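For reference, the structures are reproduced in the following blocks.
Heads up, the next two complexes both have chain A, just with different partners, chain B and then chain C.
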Partner chain A sequence: MADNKQMVCMTCEPKGLCGGKGLLTLKEGAWANNPLAIQVLGICSALAVTNRLENSLVMGAALIFVCVGSNLLVSLLRKVTPYRFRMIAEVAIIATFVILFDQFLKAFYWDMSKQLGPYVGLIITNCIVMGRAEAFALQNPPVLSMVDGLANGLGYAVVLAIIGFFRELLGAGEILGREVPGFSSWYTPNQLMILAPGAFFALGIVIGIFNWIKGPEPEEKK
Partner chain B sequence: MKNNVYTLFYAGVLGTVCSLLLTAAASFTKPYQQANAEAEKNRNILGVLHVPYPAESSSQELVKIYKDNVRQEQKGELKMYRYVPPKDSGNEETVAVGFEGPGLWGPVKGFLALDKDMRTIRGVTFYEQEETPGLGGEIAASWFQEQFVGKSIVDQAGNPGIIISSSEGQAPNKVDAISGATMTCDKVQAMLNEAIKSIVEEKQ
Partner chain C sequence: MSETSAFVIFFAAIFTNNILLTNFLGMCSFIACSGQISTSLGLGTAVTFVMTMTTMLNYIIYHFVLVRLGLEHLTFIIFIAVIAAFVQFVEMFVERFSPKLYFALGIFLPLITVNCAILGASLFMIIRKYSFFQSVGFGLGAGIGWAVAIVLLAGLRQKMRYSNIPEPFQGVPIAMIVTGVLAMAFMGFAGMVSIQ
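And now, the complex of A and B:
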């Protein structure tokens, strides 16, 4: 039912079913239709960079920046973009924002850039970004599209941060590279959590818990 | 037809705007990026030579510390980085040599630092490697690199070569390998021995 509601939102927004309702858009993106936990999109990067909380946070920030920026531009240009050219235009816009962020990291956060390696550049291929441009920004006004980009970026970033937190805690016995008082002293780090299988376990558990809390029924209050 | 012209026009404008933006960003950040890459290399050389430097140094400071302390020398084919500490500092003169070779997944590059006698290892560092995280990637971990400190690059009979092996027994030129990373260890051993060979040849 949540999905139906979302579909309605996306396709008939101009008729005013939920047009202009920023808060609802925010909630949809970040919670009810969370790109990672509910739609299970963009898990490639979510598995790859979450071995440290710091990496996860920067990756989340990158996705928020790219999502907000590309949604805004795609939305601004939505009335002048030729329909059959729209996907190429979206990719060009997304790529521009991703490279901007990558250059910024390389110049001012060199260590982080080294750790994230190719995964910043690979945001270009992240289905969340193009999905939001195609499904939302093309039909909605700029400000609402930015809210949608922010919501989905946040949804991604929060899940990434949760996974990163537990993988670093259990895999390295640290948080943000620092020892945790009362924990690091006796805990023996489990290397599995740093390696790829740990990422799958963590993501699976997080998705499970997310859906369990959310329940089968959508939230009806709003 | 009119449609096609418009699409082409749109593509041209969008492409131009995007590329202008990226060019501006690239040329704005270029000096910072180059300084970072330079500092990264310097940081590795300083580290392996045991040159004391503040941990929070910025890229510019690192480049300066490097220039003040490290002399580059060329002996035949061999490029060496020599650290001659001030007399009262208590630090020892150290020489570093770069080495590189293929790892399991990609190129591995690093520095090997030796005492003044050119026989005893002062340190090993890898500044570029793409080995499997948690397995071969452990060559970048301090426990692996610290094993090399104090080891000799020649065996008891004086033959050049270092051994990275998980077999039992101690030797002045043997360090423990990483479990589950035999390929990486073999390749690292090969590239180290190549560098060691040229060091020993150059000294004679």
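And now, the complex of A and C:
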């Protein structure tokens, strides 16, 4: 997905937002520094909601919304926020966007809101959002910060969708609650993939594969 | 749900409904700080303490202030503020009265504000409609359960330092997979006690 966008943008002349910095930010956030697979941030929700693809997609959307919104607001207010109070300001901004999304889900998608349970509220303590606000939005202009929020949200959402896809496929033999022709008929669902251990295995393997694709240099060696 | 005794909830929160291994809360610090047993023990203690106290505080605030005033939609922001304020307060208090404990816990306290297990415990308490004593039992149990899990993983990771792991899987990925095995082991407790 990110690669595609890059190809399209490379062909046009670098100008304005798209060329130069905006593009770099997008690529950095969604691939090279993928918050979930490379930096291993915000894994709580990644593990908890990925038992079905549908949940993963909604959660991805929630994070994109919160990340873009909070990055924009933090960036707009960055000149007037006293340095000492920036943390509490960031938390308040993030919490506001999370409440917005939560109320939206409750109003229009009650079942989904029920299924996600406390995990929507827990986006507040999701390190990705806080990390981007702190590390990027505080130093950069609003539009670029929005791009950064979008990129990181996308990177998160894509990995979440991958994990959700495989867990639902292997755990229930279905995709988005529908049977897969030619697969569901002979495959015996492995309940373990839907339960907790499956989540850990799936995420561990996905991170491992990301590291493997990225090259031999291990991210961190403790 | 409301008939379950606080004691049952306490045990269930440690074993069958371990907040880390079945609800995946507090993963960030779980992975980052599980390198050594002593470190993880300190963090586990701090989390247990803060979690018990904040569930209690949040219960009181939610039922006696927010519900009375009809402000339930502010739950998230109030809870996170209570947790942050409480952690700050504890830090100052401990620093003033017990410097020894401060050095043991000190560095972990600020980390706890962003530990999702703490906020998660408070949210679960609301969603599952616990009574006051049930909430205390749940907060304490969940904290201890979290501490047990992180100490176990730290022990495993210390041993793993000598094993030959494929390069891309070193570090975080293998920790994840080991946690999966741990979660599988904890599934053996299922059915012993159960809470919703």
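Rule of thumb we're sticking to: the second predicted complex is superposed on the first by the 195 of 222 C-alpha atoms of A that agree within 3 Å, B and C clash if a C-alpha of one lies under 4 Å from a C-alpha of the other, contacts with A are read in each partner's own complex, and residues count from 1 in each chain.
Criterion: contacts are C-beta pairs under 8 Å (C-beta built on N, C-alpha and C of every residue); 3 or more make two chains touch, one makes a residue touch a chain.
All figures in this text were calculated on a predicted structure; none of them were measured in a lab.
Student: With both complexes overlaid on chain A, does A:Leu57 touch chain B (first), chain C (second), both or neither?
Tutor: Neither partner.
Student: Tell me which touches more residues of chain A here: chain C or chain B.
Tutor: C
Student: Applying the touch criterion given at the start, work out whether A:Val74 contacts chain B, chain C, both or neither, answering first, second, both or neither.
Tutor: neither
Student: So, A:Phe108: does it touch chain B (first), chain C (second), both, or neither?
Tutor: After superposition on chain A, A:Phe108 lies in contact with chain B alone.
Student: Just to be sure I read the superposition right, which of the two partners does A:Leu195 touch: chain B = first, chain C = second, or both, or neither?
Tutor: both
Student: Once the shared chain is lined up, is A:Val40 touching chain B (first), chain C (second), both, or neither of them?
Tutor: Only chain C; A:Val40 stays clear of chain B.
Student: With both complexes superposed on chain A, which partner does A:Ala157 reach: first (chain B), second (chain C), both or neither?
Tutor: Touch status of A:Ala157: no partner.
Student: Between chain B (first) and chain C (second), which, if any, makes contact with A:Ile99: first, second, both or neither?
Tutor: both
Student: Mind sorting out which residues of chain A both chain B and chain C touch, each in its own complex?
Tutor: 88, 92, 95-96, 99, 103, 195.
Student: Give the list of chain A residues in touch with chain B in this complex.
Tutor: Going through chain A, the ones touching chain B are 51, 77, 80-82, 84-85, 88-89, 92-93, 95-96, 99-100, 103-104, 106-108, 110, 114, 191, 194-195.
Student: Residue numbers of chain A touching chain C in their complex, please.
Tutor: My answer: residues 40-45, 47-48, 88, 91-92, 95-96, 98-99, 102-103, 117-118, 121-122, 124-127, 130, 192, 195-201, 203-205, 207-209, 211-212, 216, 218-222.
Student: Quick one: in the complex, what on chain B touches chain A?
Tutor: Those residues of chain B that touch chain A are 3, 6-7, 10-11, 14-15, 18, 21-22, 25-26, 29, 32-33, 36, 39-40, 59, 133-134.
Student: Which part of chain C faces chain A closely enough to touch in the complex?
Tutor: These residues of chain C touch chain A: 21-28, 31, 35, 73-77, 80-81, 84, 114-116, 119-120, 123-124, 127, 166-177, 179-181, 183-184, 187.
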